[in-house]
Every structure is written in C-alpha cells, then in structure tokens.
Amino acid sequence: MPIIRVEMFKGRTRDQKRAMVKEVTEAYVRTCGGTAKGLSVVITEVDKEDWGSGGELCCDLYPD
Amino acid sequence: MPIIRVEMFKGRTRDQKRAMVKEVTEAYVRTCGGTAKGLSVVITEVDKEDWGSGGELCCDLYPD
Amino acid sequence: MPIIRVEMFKGRTRDQKRAMVKEVTEAYVRTCGGTAKGLSVVITEVDKEDWGSGGELCCDLYPD
Amino acid sequence: MPIIRVEMFKGRTRDQKRAMVKEVTEAYVRTCGGTAKGLSVVITEVDKEDWGSGGELCCDLYPD
Amino acid sequence: MPIIRVEMFKGRTRDQKRAMVKEVTEAYVRTCGGTAKGLSVVITEVDKEDWGSGGELCCDLYPD
Amino acid sequence: MPIIRVEMFKGRTRDQKRAMVKEVTEAYVRTCGGTAKGLSVVITEVDKEDWGSGGELCCDLYPD
C-alpha cells in the first residue's frame, strides 16, 4: 500500500530507473515490513530550470 | 478550497479529463459538502517508465 | 493504479470520508476506465491555520 | 531544509522563475527564520488541460 | 490559481505562518503576475522524526 | 538534491524509520548516482481512515 515518490533531475536512463525502483522497494520492505506487492513508486523528473536551491535556479548553479 | 490531485497513466483524451474533473468534483461536493467553486483538480500524467509497482517498472509489466 | 489525493479542511466524519472515497473512485473509473481495484485515495486533512488563500490564513478568513 | 513546491500554469519565462525562486526563498527566510541554504523550490508547470476549477477544465474556462 | 506547498519543521507560530503566507504570496505575484486572489498556500509541518537528510533522521542530526 | 517522499500507514517505530531512511537513501545513490548528502526523505504517516483502496476505506478493509 505504501506510495514512494522520487523527484530527481532529468537524465536517468530506463535501466537506472528500473534498478532504483527495485532496490528502493526492497529497502522499504526490508525495514518497514509488508510485501513489495502493492507498493508504488512514482518518479518525477525535474528540469534544472524548475528546481531552486538556496534561492537560485539549478540551471544557473549547475550548468550542463 | 479543497484540492484534488490525480496521478494516472498518460493517454486519456481531453474529453475523458473533462468528464473526470466534472464527475470527481460533483462526487466530492455531494459527499463532503461545500460548493464546486474553488475546488481545484490537478492532473498529473505519468509515463509507464516512471511508475513502479511491486518493484518493477510498469513499462515492463504492461508493455504497450 | 491511479492515485488520487484529496486535501481538505479538518472536520469531515468517517462516514463522509467513506462516501467520498467510494463516489470519487466510481467517478474516476466511469470516466477514465480501468477498475476500482488498485485505485488509491489518500486524504490529507489541513488545519485552517495551515491553509492560506489570497495571502491570508483561513483561520483568519473563516474563524470557527 | 524546507521544501517549497509551486504548481502554476505553463508559460513563465526562465527569468520569471529565477526571480520567483529568489523572492519566495527570501520571503520564507525573512518570516520563518533559518537560511536560504538548503531551502529547495520545485516548480511544476501544469497544462490548462490538466487543471480543473469548479468542475471545468481551465482550457475551457480560459482558452488561449 | 497557483498552488504553493510549504513543508517545514514543526514549531512555527501562527504569526510566523501568517507573515509567511502573506509574503510568499506577494513574492509570487510580484514575479510571476496574476493576483493574490485564488492563490493557495498549504503548509505541512513535519516532525524531525519524519524527515531524513543524507540518510539520517533529523531527530538524530538536530536533537532538540 | 533528490527528494523522496514515503506515504505509509501509521505505526512504524523510530528505529524502523531510521533504518528505512538509511537504506532507501543508499538504494537511490547506488542506482542513480550522486551522494547521500543533500538527499531528503520526507515521511507522511497516514491513518487507515484516510486511505482508500478500491473505493473502500482501509479502516474498513483492515480493521485493527
């Protein structure tokens, strides 16, 4: 039943997402109990232009 | 004043979204009171690659 | 698979929540397809002190 | 440490986002204390087709 | 129409929340346009036990 | 910079939360890169009365 949301910069590959969903799900079940079945992970990719840190946009802080 | 968020797979038409917003709003007002005015519904479409269930990506579980 | 979140003022009864979850779920399925099974609704009750509208706190705008 | 999320219609320029992140961060720190360092702002741009108000889609209420 | 969410540690007074909602709303309108009317701010207070940073709970990192 | 949110039923101990935050953070870094520093995890505990599944409240589906 748990829902896990991950907000991260754009640019991870599908393989990275696949591994992350698997390992984060396992980490949750190992520590909090329950089963993987019914555990959702929703990924939101955020553009550096849409992420601010310390009052500045990440596209300015970390240009590509 | 209430805010309703809907996360769903990509692929619904504008007509489906229009009907959903109308009927979900009506369902809320009918059961919880208040008026439709001021009730917001925000839709987030999620790619199957960005949705994990039971430790697997939905693009693997439900390929198109 | 869809996830619906509802943010609303504190104060609805369990019966209102029960009816709302049922009718909002039905409204979603009727308009967007799929089945109720696997559709989650998560309710967040918000205190008037924690909700601002137009720059003012709702506990000031709508005192009990 | 605080996290601020802003959901708004699509269409703001990068300069508007930059100014908004700066001024919202400053407003938070001025009123709630702490430092800007470590304060995140995440912007989500929402299409008018994905935003409902009063039971209607904003693309119908406010056509471009 | 915009929705702003603020997640922060528990412990701000009502006066701080009132000032924050007012100034954050003004900062948004000044930089992104529109009017304060219809702009919502939703505050979520998070316990240090429910906030992790760098893999550790904030109740361990910053004990009261 | 990534932000991970976990919504789960009430009732986990502080030790479970501590272990979960540690292992979920490590799982993210191992699969997606970056460092644990700056990665936030925010836990939201949800009452069974506030969680619906398949159109029913979890307090009805899974009574204590």
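Note that the chains are named A, B, C, D, E and F in the order they appear, and that numbering of residues resets to 1 at the start of each chain.
As a working rule, a residue touches a chain if its C-beta (ideal position, glycine included) is under 8 Å from a C-beta of that chain, and two chains touch if they have at least 3 such contacts.
In this text the structure is predicted, and so the values were computed from the model without any measurement.
Distance from chain A peaks, on a Cα-centroid basis, for C. Averaging Cα coordinates per chain places chain A and chain C 25 Å apart. Separating the CA-averaged centres of chain B and chain D is a span of 20 Å. Here the spacing of chain B and chain C, counted between their Cα centres, is 13 Å. In chain C, the residues that reach two or more other chains under the touch definition are 1, 3, 7, 26, 40, 42, 51, 53.
An unclassified topology is adopted by the chain contact network, corresponding to no line, ring, star or complete arrangement. Pairwise, the chains that make contact are A-B, A-C, A-D, A-F, B-C, B-D, B-E, C-E, C-F, D-E, D-F, E-F.
Within the complex formed with chain A, the residues of chain F that make contact are 1-9, 12, 16, 19-20, 23-24, 26-28, 30-33, 51, 53, 58.
For chain E in complex with chain B, the residues that touch the partner chain are 1, 3, 40, 42. Chain contact summary for the complex, chain D toward chain A: residues 14, 17-18, 21-22, 25-26, 36-45. Chain D meets chain B in the complex at residues 7, 46, 49-57, 59-60.
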